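Okay, so here's the structure we're looking at.
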């Protein structure tokens, strides 16, 4: 498929490497490859995009990013630096790249301010569903920003308590999803989406388990037992999908899971993504181009592959990105 | 459907109530109903089974059971008491009931011994995938026992660290699944199933999220990064389903999720269950009888509803239970 | 679901009964019930619509209608009579009913003229994919009319040649679909949709087998062997769905088939319908309200149940029908 | 996947070419390729089987075969010749090939006798669901033979009446399925399977549309209107799948259609096939090896790819073919 847009794609800056060495998350000896891919925007990355029909990428500062820096002032400075740096990179090729702003999130008011300064969509890592963070969510909603929730490693205490003896499960195989689904549902059930009805939350990996358990989640959210749960009493978690909750395919290249998700939450709630460089661009695109097609119809296929994100993040249709919806015919490379 | 067998069905004894008051897990004012349903075997429970085409139930001592008692000796005594008591109940109607043995699990060797004493299938709550528990798994495998993994509430520390501010998510809506999928995958990836190839693990709620993420789990279990992960290097987690891993429908009455699971792990890996009294017998059976049928074919339908468990737990086909497989025709109430 | 719109719903006039006795298509002794239901618009029919959340019906003159009258002049007169009569019925309750025009189709030019006279969507029974019928298709396209293709009984010769010895298969169980899929694909492959790109074709029964075989149909339409097949060489049959081909659920109340069709041709290509009085309004609505929900997401559910037809037949949004799209929330009767 | 077995695979003899020139069914200029592939067994065919993991093929005499010869005596002689010839070919490599017997079917008693003479599974093309053919079905049932129903071109009269103006639809794109589903359902509804409960009917192309419409077929087989329909009154068409009706994937390489069929009729009712040489061996096998996997679980995958046919045609497990079931692990080429 031509014209694909991908939106959970990571990058980093040299100043971040000492704080967060990507090499520790991959097999021994492969860290430098990953580091190089994270630092690069316009070289190998763009070449692979061209070769694989990826028209556009929205970049995110690699997790844990500023949220992994304990000192508040340093974290905020790092966020500003990252945002300035990526703005410059995007400016070199705005028809191929945009970026989610990186946010330190130590201080909700400052995070809100940085989000405003960037005038842009906020980058996730927000594990905070409590009222004091409303100042941040308010700013995001006012900006029409969508917040992309990235998983991040557990802290030392949680790792020790829960994952010792099975550390390989603490990351992308399972722990990321287990933690992120808790935080997303925390945001929903604490009423954040109700207080800010223009707020949109995006998350990857085909929904971090949530679509599969949607019936059970709604069935078991026990308002009798927890009468003070803040979420609107006349809504189900299911109701937020396609309106305020959206998922991407990043890192879960399963056609059967995608087909299930289309039925359960609707094709308009789903967007293609890769999770580069933690996933390979060609692998993701071979899956999308050769395996997904033609197991789903061309309209949903084109919308998931490209058009949906232009509705979720309408600023992408304006200058300088100027992305336009494409028809199934325009996207098909069989012509 | 006539002849249904259900296998994640709870009961308790009066002596357990002070240790584990079921009332605290339900809406205020409804605890006594739940308590009565847990204590009852042959009265309301059997009546509802008759009214809803449930031929047989395998009972489990309600979680956390003996595993919720900190004192090892008291826990072991409680397990013995529970197992003796349920044996007596089963003996009153062995063609309608069997029971999983309750196990304290504080001391793996003692748990193994109690499992042997009961000569029976072991009851789950086993969060122990480390080598010292091999003595227990060995006993289970030698007995041909299948171990049913029940979720249980998180302990106080975990609850405080992860679920404060969103306590409604810590239980059946999400936390049970998040914790249990970690423990099940811990058992698998730590090689327990490889060391005991006759061991079978059962779990409910349509697989505690695992079937939906199976592609990603196998894709991301990073042997390069964790070369010492004990699971056999020539197997995927996917490979254990239908041979050593089995799921039930308990508490997740979603036809679409069931249809997905049939494709992903195979109908022979799935068994009907209710999760009574945390779920209603009529609700579960209306779902199975009126909603699932005829969205899946009659052979898989009959096998999931009844026959599969007779292969997974072949002792049920012998005296005193003497359950036999039934054909789709024998199970259909349209005749 | 509140607000449902149904569009393959039949009616007739007393003058048609001698030509086409509905009683011959049903079990002996039940013909008078069917006849009464066909003749009625505002009494039993409307009452059942109210009781079952059906907001609106588009009526079609029952097949074979005018196309079953061999004499051309009589057929045309019958079509005019039927169209005048239904116009009067619709005028009594235009917020609840509209009608497809009945067309004799003996003379394509006259059929086109009658379609213009009715200023309205054309009623199907068009087995004519040859160039001489372009005058009709042209008129339909100019009017922005959608043509609903109804199955009809085979003629005597075909019945004798193919269905003797198995007459029960010649009707709604199989023969209707086998004949209609031939005619629909005849229209598509003869290039009618290419010559009239604004033309829309609607058909019922979950697509008359076509969605299930779409891969094979496109795979096997052998342009090497039939170089003169008129359909555009750069399109697949698949490409017309959602743009010029649309299906309804009439008479095929299978959730699994619906879920498959959503994947294969897209939710936007599908519209709810009943096929009253050959199907029961409550049966169809219990299926839609209780069985389909929540196996598909609420957005697709609401669109299929109501909103899609307002895009396919936009005239329904204007006076006197004045139908408006509804949100999932407005349609849900759980509020 | 290693070890695949395919069972709708065609061949022919030079003596048949004058009666039935395969070249007329393909694009001009490609007939000789097809002819060569039909005549060949041990050369190109076997080479491609080796290259693509096809362990075994069951060969069928290409349609219309003997049934296309109007003269009864000549047809019977041709059937005997074909059967003798293929027996000799199979004898050269019985661990790689078996054959369905070719039958002229002009005279049911003679066809039955030829079937007995071949001591073997009968080759389809049987459009005869009337009582006089019971002598044939009886013989097939007594032999434990499964009858594979192949589509064939329509005769001249039907072609002229129904397909003129759209001849490209009369063959594999649509007409084959429309005619074959009529004949299969004719056999079922005329009670042939009831009279011969050991009889098994096999058909290709993912079920010739029937699985998708199964709900509607059973819903609409109107016993009130046709009280003398011979099929057992206590059975549905659905009930015969997996017991007496089986389908193959030949020529319909759609993963979504396969996944639907698994749900609707059960994985045990489905067998892999290619339809060589009308389909390409590598294309079919790339679909099976790379696209189907891992969208269905490995047990169903292995059973459909190989093991199911050994239950449907158990003679294949004996000498000289001596085929054995394989485990998912044995079939997987990732080891």
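Note that the chains are named A, B, C and D in the order they appear, and that numbering of residues resets to 1 at the start of each chain.
Just so we're on the same page, a contact is a pair of C-beta atoms (placed from the backbone, for glycine too) under 8 Å apart; a residue touches a chain by one contact, two chains touch by 3 or more.
Going by UniProt, the chains are A, B, C, D = Amidohydrolase-related domain-containing protein.
None of these values were measured; they are calculated from a predicted model.
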| request: Using mean Cα positions as chain centres, tell me which chain lies farthest from chain A. | output: D
| request: With contacts defined as at the top, give the pair, A-D or A-B, that has more of them. | output: A-B
| query | In angstrom, rounded to a whole number, how far apart do the mean CA points of chain A and chain C lie? | reply | 43
| said: Can you work out the whole-Å distance between the CA centroids of chain A and chain D? | reply: 49
| message | How many angstrom lie between the centres of chain A and chain B, each centre taken as the mean Cα position? | response | 34
| query | Considering chain C alone, which of its residues make contact with at least two other chains? | reply | 215, 254, 256, 259, 263-264, 294-296
| request: Once you've mapped the touching chain pairs, tell me: line, ring, star, complete or other? | output: complete
| said: Taking the touch rule as given, give the residues of chain C at its contact with chain D in the complex, in rising order. | reply: 25-28, 30, 129-130, 157-158, 161-163, 165-169, 171-175, 177-178, 181-182, 185-186, 189-190, 205-206, 209, 211-217, 219-222, 224-226, 229, 251-254, 256-257, 260, 263-264
| query | Which residues of chain C touch chain B in the complex? | reply | 254-256, 259, 290-291, 294-296
| remark: Listed in rising order, the residues of chain D that touch chain B in the complex are 215, 234, 238-239, 241-242, 259, 262-269, 294-300, 328-329, 335
